[in-house]
Amino acid sequence: MAEPPIVTLLTDFGRQDPFVGIMKGVILTQCRRAQLVDLCHEIPPFDLLGASLQLRAAVESFPAGTIHLAVVDPGVGGSRRPLVACIDEQRFVAPDNGLLSHVLQGAPRWRAHAVTEPPWSRHPRSTTFHGRDLFAPAAGLLAAGEPLEAFGPEITDPVRLSLPRPTTDAHGVAGVIVWVDRFGNCLTSIDRPALTALAGQAPFPLAVSVGRRSLGPILHSFEAAGEGGVGALIGSTGHLELFANRGNLAERWGLAPGVEVRVEPGERGSAERAPAESREDLA
Amino acid sequence: MAEPPIVTLLTDFGRQDPFVGIMKGVILTQCRRAQLVDLCHEIPPFDLLGASLQLRAAVESFPAGTIHLAVVDPGVGGSRRPLVACIDEQRFVAPDNGLLSHVLQGAPRWRAHAVTEPPWSRHPRSTTFHGRDLFAPAAGLLAAGEPLEAFGPEITDPVRLSLPRPTTDAHGVAGVIVWVDRFGNCLTSIDRPALTALAGQAPFPLAVSVGRRSLGPILHSFEAAGEGGVGALIGSTGHLELFANRGNLAERWGLAPGVEVRVEPGERGSAERAPAESREDLA
Amino acid sequence: MAEPPIVTLLTDFGRQDPFVGIMKGVILTQCRRAQLVDLCHEIPPFDLLGASLQLRAAVESFPAGTIHLAVVDPGVGGSRRPLVACIDEQRFVAPDNGLLSHVLQGAPRWRAHAVTEPPWSRHPRSTTFHGRDLFAPAAGLLAAGEPLEAFGPEITDPVRLSLPRPTTDAHGVAGVIVWVDRFGNCLTSIDRPALTALAGQAPFPLAVSVGRRSLGPILHSFEAAGEGGVGALIGSTGHLELFANRGNLAERWGLAPGVEVRVEPGERGSAERAPAESREDLA
C-alpha cells in the first residue's frame, strides 16, 4: 500500500473552538489515510506576514509531496481567490492573500492554480468558514490524488507581500524583529548572507544592538551568553535571533515585531565581551 | 485492509497537562490504527452547555461511523452514568450529564447504552480520571469493533439540558449569546428558521441589536460591514452571529455568553445602512 | 502489515510557534506510518522536574514499545549528552539532563545509550533547535526499527534530579505541591504508601493541611467535598491531591509548586467532617 499522504495545517484559528478539528473531519472524509500534522494555530488573528514566515520555517522539514493547508483569511467571503500550488515539491492550499510570500520568495520552480467554484465544495457554502467549506475539501482531494489542474485555471500572479529585508549602509546592517517565540527569543529579518558580507569587511567582531541596548558580538549558542545573559546568534532558520539565556528577552526589554535591530562592526573593546571560541564563525 | 476508524476527542482538560495524551495512549492500546482528531480541549471547565454546542457544530463534518469521545465531567467519581450512543450514524462516548443534548435535539434516530462495570476498565479505577480509566477504553473498544450492546443495557432517558431557544413575540425575535469564539465573534441561539419567519412578515430589512447598541441589518459576509465595522450575519452553523470585521467584538463591547440579542423589523432608515447586495437573503 | 509505531512528544515548546509540527515532519520523513501523539507542550519553560513528573504520569498508559520523545532542553547547544533509552519496555529520546528521573526511579530494568555525532542528523546542525536536528531524527529512526546500540555507546550514569520525597516524622507526613493542573488541583509528592503507613498507626482519620488551612480527612472523590467544598484525595497517579470541588483551589488559596503540605492523624472532631463512606479506605 502506498505511503499515507501528509497534510499539515496552519491557521490563526486558535484552539478554543473546534474549527481545526472540523477541517480535519472534512479532510478525512476525502482521504481517510491522511497523516494530519498541526503546524501552528496560534498565529495572531489576521497576521499574514507572521503566518507566511512560519510556513516557510516549517515546510523544509517535511517530505516532498506534503500538502500544507494554510488558512489565515481576513477576507473570507470577499473576492480573494483560493489557490492550490506546488512550490519546490511541496504542495499548498491557501487563500491568495500573500500567505505564500515567504515560500515563493526565491523558489526556483512553482505552479499555482486558482480554485474555481467546484462541484466538491460544500453547498450551501458559508461566507465565514471557507476553511471547512472550501480549503479543507481541496486539501483532502489533493491528498486523495487529484492533480492541481483539476481545481481551476493556472495563474501567474499570486499576491506577494512586501517582505522585510535587511538593509546595508556605511554603518552596518539594519533589520527588524519579525517574530517573538514562546521563549521570548526575537527572530529578525537579518539573514546569514547579510552578516557574512559585513563580517568580511569588519576588523573586529560584529556588535548587535537594539535601540541603545547592546547585545555584544554574535555568539555560537545560548549558553555562550552565560546564565541569564543576553546575546544574539544565528538561529535555526538562518536568521539573527536575540535572546536571554534561560530567560525571556522580549518580556525583559519590551521587544515586539517591528522593532529595529542593528549589526555594526564592533570596537576593539567589544571583542573582549565574549571569548573567540564562543562566537559564531561568519567567515 | 479496512479504513482506519476515526476517534475524536472533546474535553475541558486544556493542554497544560498530559490528560488528553494519556487518553490517546489508552485508545491506541485498544485500537492501534485509530485516526485520532482533537475537536477542542479548551471548553471552559465544567461548561456542559458550551461543550454540547461545540460537539454538534463539529460532528456533521465527520464521516458516518466516527466515534466522538467527549469528557466534560464535573460529576466524575459520583453517580452519573457513562454512556455509549449512536446518533444519526455518529457514535459517542460520554458521561450522561447532558453533553449530548444538542446532538440529540431533533435527531431522527438514536440509541444509547449505559456503560456498566466492565471487565476492560482499568483496575483499580481512579475516582478522578474516568477519561483514562473508563471513557477512553470504551472509545478504543468501539473503534476495535465492539457493538453498543456489549457495554451495558440500553437506556431511553439520557440527561438533556434545557437549551436556549429563540423566542418570538410581537416585536421580533429574542435570543442570547451562547459562545464567543477566538476572534471575538458572538454566536447566538437565534437560528435561520426563526429569522426567515420574521423576515416574511417584515416590510423592511431586519435590524439586530444587543442592549442599546444597533448592529444594523443582517449582512452576507464580514466584509460587508466595512473595515472595522460591526455587523451581524448567519454564521457557519446556521445561527445569527455578531462580529466586528477584522476586529474583536466581544472585547470591544464586553459581550459574553448569556447577553440578550434582539432582531426586529427595521425602520425605513435602517435599510440605508447597507446596500441590498451586501445583505443576507432570508426569503 | 505490522502495527504502526507510536511516537509521543512532550516539550516546553508551547503552541504559538511551529516547533512541534516541524519535529513531526522530521519524524515522518524517517517513518511515514508513525502514530504521533502529543503528551504536553505547555511544560513551563525549562521546568525539568515538572516535565519528568508528567512523563511518568503518561507513559504507563501506552503500549509496550512506544517511543517517547521528550525535549525540555535549557542546555541546548552546550555539552549535555543526548540519550536514547529503554525503560520498562517503553523507549525514550531525550537530553541527558534529568528529564527521565521519575521514569527511572524504581525501574527494574533500563538501558541507555548516548547519541553520538550521527550521520543521520541534520547538517549543518543548529545550536538552538536540537529537537528538529537531533532528537526528532533519532525518534524517527527508532520508529523505523533502528536498535538502541546504533545510536552510540551504552551509558550507566544518566543525570538524575533530586526528586521531592515525602518525609515522615513523629507528627505525620510532610510533602510539597509538585504540579498544579488546569482545574487548579494541586498534586503533591505524598504517595499512597506513605499515607497507608501513617494510617496504620493513627486512631482517627488522617487530616490534611496546607499552612494553617485544614482540608479535613482524605476523601474518596471530588463530590464527597460537597459543591464548592475543598478537600484532599488520592488522585489518578496515586499521590495526594488537594482540590476545590467544581472550583479552582490553586487560585482560591494562591497555591503553587513548592508549597508544603502536611498529613497528620486527625482528632476525634475532625472525623465528623466527612461521613465514613465518603472517605478513602487506606487500610
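We call the chains A, B and C, going by the order they appear; numbering starts again at 1 in every chain.
Keep in mind that, in the parts below, a contact is a pair of C-beta atoms (placed from the backbone, for glycine too) under 8 Å apart; a residue touches a chain by one contact, two chains touch by 3 or more.
All figures in this text were calculated on a predicted structure; none of them were measured in a lab.
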What is the Cα-based rotation angle between copies chain B and chain C, on a 0 to 180° scale and rounded to a multiple of 5?
120
In terms of residue numbering, is the interface formed by chain A and chain C classified as same (over half shared) or different (under half shared)?
different
List the centre-to-centre spacing of chain A and chain C in whole Å, with centres computed as mean CA coordinates.
32
If you look at chain A, which of its residues touch at least two other chains?
1, 15
Over in the complex, which chain C residues touch chain A? Could you list them?
1, 13-26, 28-29, 32-33, 36, 45-46, 74-78, 126-129, 132-133
Considering the complex alone, what residue numbers of chain A touch chain C?
1, 3-4, 6, 8, 10, 15, 35, 37-42, 54, 57-58, 61-63, 66, 179, 181-183, 220-223, 233, 235-236, 241, 246, 248
